[in-house]
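Two complexes come next, and they have one chain in common, chain A, joined by chain B in the first and chain C in the second.
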Partner chain A sequence: MKLKDILSPFNVWERAAKKPWTIKDPINDRPGAANYRGFHKNDFDKCIGCGSCEEICQNDAIDLVPVEGQETKEGNSGLRPRIDYGRCCWCGLCVDICPTGALTMSNDYTWVADDPEDYRFIPGADKTKWQDATKGYKRDEGIALINYDRVKMKEIEPENRDKSFIEIVKGYNKDQAMKEAERCLECGICIATCPAHMDIPAYIAAIRDDDIENAFRILYETNPLPEICGRICTHKCETVCALHHNGEPLAIRWLKRYIADQIPKDKYMEVLGTEHLADPILDRKVAIIGAGPAGISAAYYLAIMGYQVKIFEALPDSGGMTRYGIPEYRLPYDQIEKDYDYIKSLGVEMQFSTRVGEDISLEELHRDYDAVFAGTGLHLGRSTRIPGSDNKRVYFATDLLREVSLGNEIDVAEKIVVIGGGNVAMDITRTLARLQNIKYGKVDVLTTSLETEDIMPADREEVVEAREEKAVIDPGWGPKEIEISDGKIKGLHVVKCLSVFDEDGRFNPKFDDNQRKFFEADMIVESIGQGMDLSYLSEEIKSGLKFGPRGRIQVNKNFQSDLKWLFVGGDIIQGPDVIHGVANGHVAARAIDQFLKK
Partner chain B sequence: MKNILKRLNEKIDDLVVVKQRDDLYFIKVKREHTDFILRYLKLDENFKHLDFMQAVDYIENNQFQLTYMLYNYEIKINLGINVMIDREKAEMDSMHRIWPHLWQYQREIHEMYGINFPGSPRVDESFVLEGWEEMPPMRRDFDTLEYSKRTFYPRPGRSTNDPKEYMKEKLYHDFAKSPKIRRDDE
Partner chain C sequence: MNRDSESKYKGFEADRSKYPQMEKDKPVIDLESQKFIKTWQGPQHPGVTGNMSVELIINGDEIVDAKTHVGYLHRGFEKLMERRRYIQCFPIVCRICVPEPDTNEYCVSAAMEDLAGIVVPEKALWLRTLNLEMSRVGSFLMWLGGQAGSLGMGAIGQWTIGMRDFWLDLFEEMTGGRVYHMYMIPGGVRKDLPEGFRDRTRELIVRTRALLFDIEKTFFNNAIVKARLKGLGVISPEMVTEYGIVGPSARASGIEDDIRINNPYGKYAELDMKMITSDVGDAYARAEVRYQELHQSLDLISQIMDKMPEGGKIQAKLPNVLHWKIPAGQTYVKAESTRGEHGFYMVSDGTKYPRRVFARGASYTHAISVLEKLAVNISISDLAALMVSLHTCPPEIER
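For the complex of A and B:
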């Protein structure tokens, strides 16, 4: 016998003083494994009620129901999943698909109740003994039923775009669009947030089915400017997309553009079934002031109902701010025309270079037409009113952008400072950078804003692309004074801006006068907001209207003013952006129809 | 493992090896070579143990993938043998003579995927689905939801809401889609 054989039985004593492996009370105390697929938990702070869990459930075990205390609001339906444990098989697909990561499982698996109805419960709302369990099944980071990465959009490289106004974004091709459309969960959460309530999941489903003509018809149900909105919409829908909680939101805007890009201009009437509309049939006439998005949207919906519509536009061409405010590299003029020409072909008349209030009075329109819709927009610049801002080399961004669109040459300086942090500020910055490049072969434009980079109102990609085009963005400074010597601008003095809004969220900037900077410049552009020009309203008409805060005309929810025949919408009421204009115009068109039928 | 793969390379044309982890490898084997390769791995390369066998339905390629998961106790490495077979003619040679317990896996796969293993003991007997008359349920074209809706009666008191419709009702119920395009014959 070997010594090992004698000693080895004593090995069992090795663990004598240690904690036993065995469980003391295996009947009552027997936890599931750390990733056990036990009873469900739902984190209501994360859940948006998108219904993906219900959609994927192969046992039809989940219903979406309202829950007290869960509010229906933008980005959140307020509905929550209720699970029928009579049907659940704990496969965990609902946890795997959950785009926000709200739905998880605990490792608890014992539950005794007398009433079978108890087993149909709402995780997160009904009190359960496992609601605070930390263990249990969670989606493995490596496994995703959802593709969280957006199909990359091809863009023209900075060095190939910074000397011209060529369109930067190339648009999706068919493969890219189909692949991106595949990512949509079809929850429909986005529709409420879109001001025009476009049926986004429906047109994306049509892309997936490769039924572009149907997709196009769906667009026109709520938005007659798909080429424009497909390029420059503020895409509020994407900010609430269920996918954005854990990844990149669906590229809804680019998919809309893809649809419109596929339909050639001469096929519009055929696809939309409006070939017979060229002559209005009703003897009712509506005048529209302003050929911007709000006006044209109202005109379109009135036209398809049969009204005679005439648009009066002060500027020499259509589009309003989409043409005279947004640079061509973001929205080419031929795309504006594609949208507008179709609406013209429906019998909508447009009279350009006619300013209501000067060339024709609003009273005349009231006399000659049954109703008037005014969507005159925000075309006036606002001044910082700092010392020196009255110099002739201080400009408003809106004026310069309009001049560029009109094809007029502007006197571009070698050194320019832009004041403002919104998209218009980026538009003028990048426009001036191009003009400098063309004229001087170099860029020297600096843009500064009150807001620091993290709270700048401009879209992130605008800031990034402006820098790619060699503009300098130096945010977080408040303009103090424009230094002038012999009538010529020397530059802009700024002080550090500590905060823009006070605790109540009101605009009330605070500065640190000890931190100063001086930006050299011989031309300064102000882009700190726009104002409206309501000079077309005579005193008599004004006396019949009510005005709200900041001089806005008060309208009801149908955009009807106190003068029943006058409807007002677009940037001067809501926004400013294109999609609010489109939505306002649509609602107003229906209201005008109701008003004229009375 | 390197040497094992080297020797395998001499036996199999265009050997494709996927290394998933340090202790987990996969190789692809043609159907007609499966018997030979499994025997070789068991007898000559010491992969004595068969952990399990499973199937995956690659409906897109009209194929099933069968996986034999082998284990070598000496080097402590798993080696998965993947075999693609035709989905239309779902049939595979039985390997139960190499590892007798394979008959049970083959019986289960026969039931769940409808893949036949001629000569495998009791392969036609039910595994868990007694009285099953549908298509084999693990086939991807089996519609589980449709089956459960048809088979299990709806419990009274259940109702659900579509987030899209519900949000419209709550937030913008008076908003209407495009007015009807007028027709001249009306």
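For the complex of A and C:
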């Protein structure tokens, strides 16, 4: 034993003279670090109630619950996370995954309450002392547990497509589809928004599992037009997708197309298990007016219920607006036929070139059939009614698109102006650009709309692609007058449009007459909306119906009119778009079934 | 009792000349004879670093038989992970060892990365290495306090736990949590360092070294400590292999085995470090090795502060973690914790959830078979010191 080892420990007294380390008032003097994972905060303005936090929580500490003042609306479930602090382990996974960045943590870490129930609380709704804390854990830029970037879709280059009507979008291959499907959060916000309430997360999950047949069956539960909707659906689901808040929404539409593209036409019956349905099993008959999406959807769901269904179509082929209103480069005719041929194979009769009201009356249908569904669509154009719009070289977009689909030749001018800012305007612009290219080897189409580019109703990619195809888009102008000389069109005078809607959100455009422009043209196309043709309703039938705003037939939530045997749906009731038609047709089919069972 | 530390690896064999008598290599313990008392150390005994108990048969104050009992804090983490998505595992594993959670975080992430083929960005590797070394500092400080406390020197325990709190402050800044950091996730780490962190760390290293200097004077240069620890629980190199002893406990017996040097992971290969060993093998030698390794960790942190680049990616791109499936396979990853080799064996069957996860901690061997052997023939008052000198962590045994 060394003497040093006996004396050395007395050094312990040295520390008695040193300043103590203790913090006297830790609650006030010792706030949590700037990055501390303390109590939760939730920004209700950002939160969409997608439930990703609930899904990722490994302790099941989070439940999504209704909260007073938070309403369910498109893209927002109205539910908010409630956190049970008896289970939470403050790992912050909920913050890391939150696709909107609404959920964060404060650096507060002390909380005393008498009632244990208090510790099960709803951040953002319950008043807390830390709700305005600026410090605390947040997800950093570049840290992501989910993938915000969409798998790019291959498209045909502008120089290879501007002279033909070949389909532009190539579609996903298996790897791309599985990669894209992996991005889905399965929150189901899209289901509520989709008019047909398609079970989107379920079919996307089936893609991930590479079980395409199951995915296909899920599609047909709510939508019998997957090839069509997989190409040209207005994809409201993508608009509300939880991923779009911080990145690109899931390509739900392209994934639907991927599923439908994988199943060959001759396998449809086998995959969907409908081989036994070729002959109707019920003796009740339903007539359907219009072979568009609404009519065909009603026909399909009635047919699989066993009804005898016959469709009467004025035009020479099926598809309605999907064939006669949408250019082939967006929706090839063989894809329309793929959807329709399957439905025909279920025993649904289709009688084309038969206009109800002319070739056969609605009364006759009422007499011969147990119920009638009318989905006649919006085939009439609307005019700007500006001076000169009655010239024979002023056309409606819908008429021209129909002529192109029918295979009739159009007298395409060298200089064309299109009025309108919606998708139909883009369709006609790009169709005419192609026709000009074929005829003249150059493009001179100018499209103008009241709306400025940021509020143009057309899909962004339509505008971009139209420009790629050398069409000129000059939005934000109001048409004033079409200048005509010797019966020939010289061009269109426009004035600057300052605003389209008034403070109440009503259509009430304001113009600045001092800012003017003149667009030279020898042909003008109006594409400012479509109207319906209800001429097949006789006065007697009309007297039994009620009409709502804009002349729409009033129907109940099952699309049943005041004449109990007459059901009405599709663009003339809701929309206009394909998916509303599909949804209306499905609901009406179930309602017709209920009506006929009584 | 043998207290001659210089008598190289002798003294661990029990003296069976008096009691109990041996019959067929097994002690005959007849409690009815009134020569023995059965007593329990733990699970509430402060000398046990967690909830575990040792069933003792004592003769006078001499232990003649010891049996370790666990089962007080089994939480079933391995099983829980089989019911959780891969990403949901990392908040659980830190609880496997409370004083040193980061080795678990590292291993579980590294296992997933290995199976899924994820390459971790450079900066994240630096941050992980820093995190692991800081974690070693925290754990060693806690051990040092425990070792002193087990000899009745409570003041040193207060100093080291107090100093550990300053390290926890740094953890709080860096990771957002003080004890459970949940910092390393598959693919990297969750946060870059806050501003001024390097300076504050360098400052704390200086303060820690000052405290260690005081501890050297009061604890290591202490006649009582030397009297009690020297010759206690001597482990021979043969025993290291036989029992699977790892970490400082093995190095104190002259075995050159440090995963950071022999199988470097993270950024250890780029750091300058030497193997710290002793050839004595008793509790005092183990304390000395750990003390030097504590200094080594502080030195490594300084090196990391100097060498780690500013900025850079801290996380590899992960697939959507809600649907993350790892290809079928199995792996074993290991890291050097303060107690020695810490490893995770993970099996994936290609689904969203791990098929099997096994956490291997050093404490299982150290606190059961090794302790049961070394406890025999020592005084009951030295048992706590022996247990701490093996650096046992009961939560790690049970998981």
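Heads up, the rule we're going with is that the second predicted complex is superposed on the first by the 570 of 598 C-alpha atoms of A that agree within 3 Å, B and C clash if a C-alpha of one lies under 4 Å from a C-alpha of the other, contacts with A are read in each partner's own complex, and residues count from 1 in each chain.
By definition in this document, a contact is a pair of C-beta atoms (placed from the backbone, for glycine too) under 8 Å apart; a residue touches a chain by one contact, two chains touch by 3 or more.
Computed from a predicted structure; not experimentally measured.
In the overlay built on the shared chain, the residue A:D84 is in contact with chain B alone; chain C does not reach it.
In the superposed pair of complexes, A:N11 makes contact with chain C only, with no contact to chain B. Contact with chain C, but none with chain B, is seen for A:G32 once the two complexes are overlaid on the shared chain.
In the superposition on chain A, contact of A:R590 is made with chain B only, not with chain C.
In the overlay built on the shared chain, the residue A:E221 is in contact with chain B alone; chain C does not reach it. In the superposed model, A:M305 lies in contact with chain B only, and not with chain C. When the shared chain is aligned, no partner comes close enough to touch A:E539: not chain B, not chain C. When both complexes are overlaid on chain A, the residue A:Q58 reaches chain B and chain C alike. By the document's definition of touching, of the two partners only chain C reaches A:G142; chain B does not. The residues of chain A shared by its contacts with chain B and with chain C are 58. By the touch rule above, chain B contacts chain A in their complex via residues 144-145, 148-149, 152, 155, 157-164, 166-168, 170-172, 174-184. The touching residues of chain A, when paired with chain B in their complex, are 49-51, 54, 57-60, 62-66, 72-74, 77-79, 84, 86-87, 117, 120, 187-189, 191-192, 197, 199, 201, 220-222, 272-274, 276-277, 281, 301, 304-306, 557, 586-587, 589-590, 593.
On the side of chain A, the complex with chain C involves touching residues 1-2, 4-6, 8-9, 11-12, 14-15, 21, 32-37, 52, 55-56, 58, 89-93, 96-97, 105, 137, 140, 142-147, 182-186, 208. Contacts from chain C toward chain A in the complex involve residues 84-85, 87-92, 155, 159, 162, 165-166, 169, 172-177, 180, 182, 190-192, 194, 214, 217-219, 221-224, 226-227, 313-315, 317-323.
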